[in-house]
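Both of the next two complexes hold chain A, though its partner changes from chain B to chain C.
Now for the complex of A and B:
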């Protein structure tokens, strides 16, 4: 009896396994995503039966206000160009996007367009998987309308235009107006003044500023701030040809400045946008981050206090700022029809009208000053957009060399060593410089 | 009855001093309860915080005050989060992928575990070592080569790419093999004498003996499949085949994270896994103990 029951159970189990397996096989065979077998997605599905050209755009505008803003851009473009279909492939961050992009290009299946950092663009260009944009109609005349900093950011070391601007931003200072007022402190305009104010407001459980230097594989905002300080002290973190100079006197001065703030209880390190979190929790007085963080900072603060925005303080060598946000590159494997369609899309996105619409909806900066008059009402309610956009004229990106992203990781580790583990700033930067040089020599 | 002790009886044997089991005193019980409560709290606190955050508005969520530790009667984040992604599709995909992966993993582990423990063939040890060596290679290193292979096999952006690579589990093979090694060989020999072939021996004699291992393995594979992120994120590009975890990335961006929306969606996507665990927790724990200590004979 018992044996029979066991046997029946086993037969039932086997039948169930077989049935599920069959269902699995059937469903898996019949269920392919819209991209067909192409995971990277775009070059194979270049043109469909209706004579439409399909382009694929891998981008990092996947969340919050950015997603609908991006979709609105595409909808406006497709309405104007009914024979072109733009497939968006959004990714939550540049790290994942770049990993996918490298996998897709290695497999010979790149998209038509993708957002990348300039160091990745340099790597792709040297592998000949992306193409220069100089030969497309009106490239030069359109580019000449962009802010100077943006124009410089589009070229690689060979002087050719390989990238096109898209979601660009610079770094600004967010602050708690009530906290500064109650401490009787002004909005700082120099980095020395910033240190004084930061120390003054760091009482009663408040740490003026929280930063995240990031890791070797993903340097974050704290590292960007350090690079800006180096520039403000007179020596950028890299030479124009991409050689690290992390142990320069300007760099040592910048890291000593941060370490002093930490020792005074005015700076803390954390992860995952710690400045934004502390500002929103009223545990921090400042957040130094991208202008594109405005949406998130504003939501974090709510009605607890009035959040102020100001241009970054200046250093001994004057104002300094860094371009943030990726550019767009076009992949050489795309068909001629796709390349033409992709260029149309890029040109459309950088027209003054579209830039005004994009900036208003997303919080990113318009790449051309011609967009500003078209967004006057937005500028009234978001005055920081104007001074931030103007900083695009002189803000600099990291040099466009493939080794920069790796050496930036060495720098992030150096900052962690000094700020997190109490290592002497000069020694930490010396180690970072030595490691960076090893990486550079290895890359060559 | 005198002089006999029934199994489980608490009667003292004559001539033996009364000994108290450690931890049975009042203090011991209190200590055990406190430790258990603290451990329980440590596990439930993150879930509670996620749920509470899902009922706050963003500004409240960033307050970190006592008030933000109490749930609010505000479920607007759930409504917002539900409309931000095709969750029905993600749920269906995730369940389908998880079930198929579990079934495949159980089947392959059972077959391979049986072969590596009960069956005798030349090179068995070397082959088993080769299988185990797969565990030494981190998956992230293989991501790009795997992508290229998947591209050549036309598996990208399909359910297959999320099922097949995990349909054979090295851990599972190892676990099932260890269980089979503890099963008395005489059982298999008797079945063989009765005329059973290897498959019949496996399914009719072996399978009931390793059920705890299969349960542990099934739950592990289910959790792994349910929580998979990087692999499906890289290997797929369409929501039509993507699982829940990838869907959750819609709340993260390069400039910040929508924590309230994320917590709301984490709350409603975690419920199915919790239900499965609660339903099977007895078997899961029994299985885990058996897996750790071998089969009791």
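Now for the complex of A and C:
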């Protein structure tokens, strides 16, 4: 009897607690909380109180001069558009940004805007989570003011504009002026001349250039340089429709060139910006890197010597360069108000005045030539900005296909095999090509 | 006697008992069981993480592709790499930790400080210390090669070498784990009965004989525990590979490959299949070790 009573009481108690718990959970689910989305069409931020529209921007401008430069752009925009709030979500690097962005999208909680590479934009577009920008007011007329290379970089294979330019850069050559002078060597203007100079200065513990090909998951600057060399030799590393051609004669020639430099003690491989570290430590004479590295290279060099900058040397097929840095995409889940606000923000960011301000503060290149006259004093102290910006007219990005980032990883491994582990260049590239084709054919 | 036997049975029959364990069960289900089941579910699909509605059911194809070795690196290559790492960690870890524990067994202030020092690496964040070790083993500017240079030896590019990358990762992992294992073994040593050792000494046992015939048999349960947790943690090791080599130069273990497939190239279904295979391998190895231990008993 008493046992039954106890059991009944226990069941009642359990039921009451379960009911309370359920109410609590339901209430929690129904509440958006202070940080929840409200009326934003499911995106991370929406229309908050007082008729303001909030947009979220996931980007990788988190270090050095980049973070304050980005914050200044947002502050200027919000001052001009008091009804729009831009929430920046900076991440440490592109890899982290991409992982976080894809996780947020996967969870159904994407931002309004995000910085992406073109290969990722292709994956987002085919998954129908981002939207084309063609229908926004003045899209075509604004885009027509950009450098040609930038214009080409905004479209995917369907010909629609899916991206808007953001942190754009090209690759330039940094060098130790004192080291070249003392060796009696000129600033090289062709890749053949570069090899001669590199070998000449590689004495007394100096290795002319250090590169990082990166890894399968994160190809780095060394791979980008190789891709530029392929282009300079007449055959890009990928066809325009994204098919790898890593074993082309141009590619074999490019890798043989790098391997020969290594054998001559003029090239070393490393990780974590080895070119910048070696240049700063006066153990390297050159660094082949993006203009975005300027501030970091300057900091590494300090007052030890005068750091020179020059356009990349040319190859048998003329000048070649690669667009670096990301574009911005807009997520389809954003509300109409957010989309309009986001477009206003993107348009504002690419006005000549803002481009001049952005380039001066961040070191990235202005995407329109109309910005150059507005930054004349900056160009005097940073002459590389002009020739680098002008290369945006013809520089190419990797083709905008989702498979490119994966096949680029195969290429990085091929370069590591030849440069790090002594594999024959042709054999290493043949393996890289075979692996890339395997990925292309969706063997996995 | 009868009261003592009845109490637990009454406790188990009471709904209140289930109420008290419910929070733990809910947490375990939500954060462990449900994600595992969901992973198994995803492994049957060509999963599009960006838009789940585009995912396609493909049955066991992801598993077939894995066992056919179609990925690059293949499942079998990553399994071999994992085996290399696990064997090194499971053999060297407990062995070195046992030596350290025997050395630290003695009392005194110095030994107490040494115990703390030994355990210290284990409380440091592996990601941070891996970065430091990465710089120590930097081929151009690293401390390791600078030291070797003093002796006229030109060190290799440790972490960019198919020969050296894995041994370096094993070295760093051992450095990080040894303190923890040594403290567990030390715990086992301190709880051992001294009577047997004293009796053995009286019977004329030397130190080595005493260790082999008296100490080691008593330590078996502790060593078994250490081997099991070392196996599981080595199979799941990720941070040091991610930080130091990013799975390159012969260091692409099964755990790293799961990350690469899931979060770099977004072959989520294939990665889920690999995760389930890793789960099965871990479970089988653990069960095998339990069975072997029981058989010996």
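Following the convention adopted for this analysis, the second predicted complex is superposed on the first by the 399 of 444 C-alpha atoms of A that agree within 3 Å, B and C clash if a C-alpha of one lies under 4 Å from a C-alpha of the other, contacts with A are read in each partner's own complex, and residues count from 1 in each chain.
Here is the rule we go by: contacts are C-beta pairs under 8 Å (C-beta built on N, C-alpha and C of every residue); 3 or more make two chains touch, one makes a residue touch a chain.
Just so you know, these numbers come straight off a predicted model, no measurement behind them.
Applying the stated contact rule after C-alpha superposition, one finds that A:283 touches each of chain B and chain C.
After overlaying the two complexes on the shared chain, residue contacts for A:67 are found with chain B alone; chain C is out of touch. Shared-chain residue A:304: touches chain B; no touch with chain C.
Of the two partner chains placed by superposition, only chain C is touched by A:128; chain B is not.
Legend: residue contacts after superposition of the two complexes on their common chain; A:216 is shown touching chain C, with no touch to chain B. When the two complexes are overlaid on their common chain A, residue A:438 makes contact with chain C while staying clear of chain B.
When the two complexes are overlaid on their common chain A, residue A:102 makes contact with chain B and with chain C alike. Comparing chain C and chain B on the residues of chain A they touch gives the larger count to B.
Look at A:296: by the touch rule set out above, it reaches chain B but stays clear of chain C. The interface of chain A with chain B overlaps its interface with chain C at residues 6-7, 10, 13-14, 17, 99, 102, 106, 272, 277, 281, 283. Contacts from chain C toward chain A in the complex involve residues 14-16, 19, 48-52, 54, 65, 70-72, 134, 138-141, 157, 159-162, 245-249, 260-261, 263-267, 270. Chain A meets chain C in the complex at residues 6-7, 10-11, 13-14, 17, 99, 102, 105-106, 123-124, 127-129, 207, 210, 215-218, 268-272, 274, 277-278, 281, 283, 405-406, 409-410, 413, 416, 420-421, 435, 438-439, 443-444. Across the complex, chain A is touched by residues 57-60, 62-64, 96, 99-100, 103-104, 106-107, 143-144, 147-148, 150-152, 154-160, 163, 203-204, 207-208, 230, 233-242, 249-258 of chain B.
The residues of chain A lying in touch with chain B in their complex are 6-7, 10, 13-14, 17, 20-21, 24, 27-29, 31-41, 60-64, 66-67, 89, 91-94, 96, 99-100, 102-104, 106-109, 272-273, 276-277, 280-283, 289-290, 292-293, 295-297, 299-304, 325.
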